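A quick write-up on the structure given underneath.
Chain IDs A, B and C follow the sequence of writing; residue 1 opens each chain.
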Amino acid sequence: MFDWRYAWDTLPALGAALVVTLQATAGGMAIALVLGLALALARRSQRAWIAWPAGATIEFVRSTPLLVQIYFLFYVLPEAGLRASPLVTGVLALGVHYAAYCAEVYRAGLESVPRGQWEAAAALNLGRFRTLAAVIVPQAIPPVVPALGNYLVAMFKDTPLLSAITVVELLQTAKLVGAERFRYVEPLTLVGILFLVLSLVSAAGIGWVERRLQSRH
Amino acid sequence: MQPILRLRGVTKAYGAVAALAGVDLDVPPGEVVSVIGPSGSGKSTLLRLLMTLDRPDAGALEIDGESPWIMERGGRPVPADERHLRRVRGKVGMVFQHFNLFPHMTAVENVMEAPVHVLGMTADDARERARALLLQVGLEDKADAYPAQLSGGQKQRVAIARALAMRPKVMLFDEVTSALDPELVGGILALIRELAASRAMTLVIVTHHMAFAESCSDRVVFFDGGAIVEDGPPEAIFRQPRLERTRRFVQAVLESR
Amino acid sequence: MLDMLPSLLRGLAVTAGVTAGAAALAVVAAVAAGLARASRARLLRWPAAVYVEVFRGTSALVQLFWFYFVLPFFGVELPAFAAGVLVLGLNTGAYGAEVVRGAILAVPPGQRDAAAALNLGRLQTLRRVVLPQAWPAMLPPAGNLAIELLKNSTLVSLITITELTFAAQLARAQTLRSAEIFGVVLVLYFATALVITGGMRLLERRAARGLERGGR
């Protein structure tokens, strides 16, 4: 029933598509990690005109569907005069969407830093920026690395949504290959297995990182 | 008369830690036995095995002449089925150090639960019996309170009433006053003393309170390192222990008062 | 803009239908798999573990396409709506199973000891002692999963179900007013998410009342 020969033949195409998928994940995560931290810090600001929009953005982006956000950027950016390839648009959408999730993770990390650290920094007359950069953030991040890792895996599993805006990642490739011979079983199953194997491996990796971090404390 | 509890060479380890190392013990029906010993000596494990919460790794354990884990079928021993285990288990009741009351039920509901769902009593009969038991432990006005609204001593009284409601032949008490504020301890000990005096059932009491153990037990068993070190009437264990180890433990506990 | 609204609202109704149907299936799957994973019987644990790992480890959209395009080869032709509800339900149910299992395991072991000491049977212990205490702990994560499900419902637009995102695409193709249409659609999803969150908070409060008088 399962045509192994055919499956084997599709592997090169899937391999190339995997590269695109990984590029999208890496790019998206890079944006999410940085933007997420910025949003989390902004939300903690004493100035309401910074804190409130940051909070609202996080809530809105977290509660609305990624696919609609992808479509929004895909159609609206060109109208605003910004031409970008589908891949770049997709990476941007993934990055912004997951920045909202990462912001919540960072928030938990920041809140877990003991009050005494802030007070010690104040006693040493360190400015706000220095306090954050040298004292608080370095302590806030290690405990939340596993949670960030989980979002990395989640983003990886969301990359097929980019097929809706013609990015030729794994799912889109499987559909194209399958359409050639009108036989979808093998390519789609292979893609499914690829995702499963990669996310199980990543989950194990994250567990390893988590244990390493715990043993340090 | 056949012992109601019999252990032969009972061994139990949790991972690499040996909690019980070859315990032999016979308890005749109606006896009040106090079990004393340092922390980690295996006393709680002993009670858990007697309550069939855990199973021995080796050795024989019999409750009222039957093993909870092995039954006879056609004259040959086979692993026990659920029905057999529960039948044997029903002869034993236990009161825990941390009460373990069901937080989502009121006091009277806690006491009614097992009689209704295990003994098949009607809710009305069970409720009547529950209220009578709560009266017996001095909590009739707290019948409709939830555990969170009760003090530690009150919770433990409900726990005792709950265990009594099943009319077990053997009652196990696992350091039931250790989690209580000092001023509440006396009340619980008095309750247990009443139960002991009534001679209605066999009691096995793990306790740190030596004066209490001396005053109401028929027999004291000293546990250390997972085995019984010395076993005898209270006067012997507390006043004239045979072994140096026993003497040292008793002295240390008396001095710490 | 206003003339677009009726078709968008029709799409929203389909979104609600898909979400509700999948949610019902997810609850059943989550409870069944969660209980199975928390059980002591290997025969129950392993199939449940496979179900959970497969559905959590693969992409929801890939699962959707697989059920819609591959199953026909095995003789099972599912209409798009059924495929959508089935896949989303099973996908969310896999995540829900972990929530159920975690909540059950979080009930203090002393409670099981007390139930055993009272000679309650295994099923009775589960029904009368463990589940009533596990239930309030399941609700906050379940609320998050409900929002995730709402967001995942957009995926079925890619297998031609005419829910809200599909309707938005149609409207955009007709009027080319992308920013307005997708902006409105985002707001509609946000409003729906708020309704779901509100509903879950009500449930949480009702469940907490059962324990609240009892507290912890």
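The definition used in the following text is that a residue touches a chain if its C-beta (ideal position, glycine included) is under 8 Å from a C-beta of that chain, and two chains touch if they have at least 3 such contacts.
In this text, all values refer to a predicted model and were calculated from it rather than measured experimentally.
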Closest chain to global C-alpha mean, per-chain Cα centroids: C
Most remote chain, CA-based centroid, reference being subunit C: B
Best-connected chain pair, where connection means C-beta pairs in contact: A-C
Between subunit C and subunit A, distance of the C-alpha-averaged centres to the nearest whole Å: 22
Cα-centroid distance, subunit A relative to subunit B, in whole angstrom: 55
Computed distance of Cα centres, subunit C from subunit B, in Å: 45
Footprint of subunit C on subunit A - complex, ascending: 60, 63-69, 71-72, 75-76, 79, 157-161, 163-164, 170-171, 174-175, 178, 183-185, 188-189, 191-192, 195-196, 199-200, 203
Subunit C to subunit A touching residues, read off their complex: 53-54, 56-63, 65-66, 69-70, 73, 147, 150-155, 157-158, 165, 168-169, 172, 178-179, 182-183, 185-186, 189-190, 193-194
Complex interface listing, subunit C residues touching subunit B: 108, 110-111, 113-114, 116-122, 124, 128-129, 132-133, 210-211, 213-216
Complex contact set, residues of subunit B against subunit C: 48, 51-53, 82, 86, 89-90, 92-94, 96, 98, 100-106, 113-114, 117-118, 146-149, 159, 162-163, 166
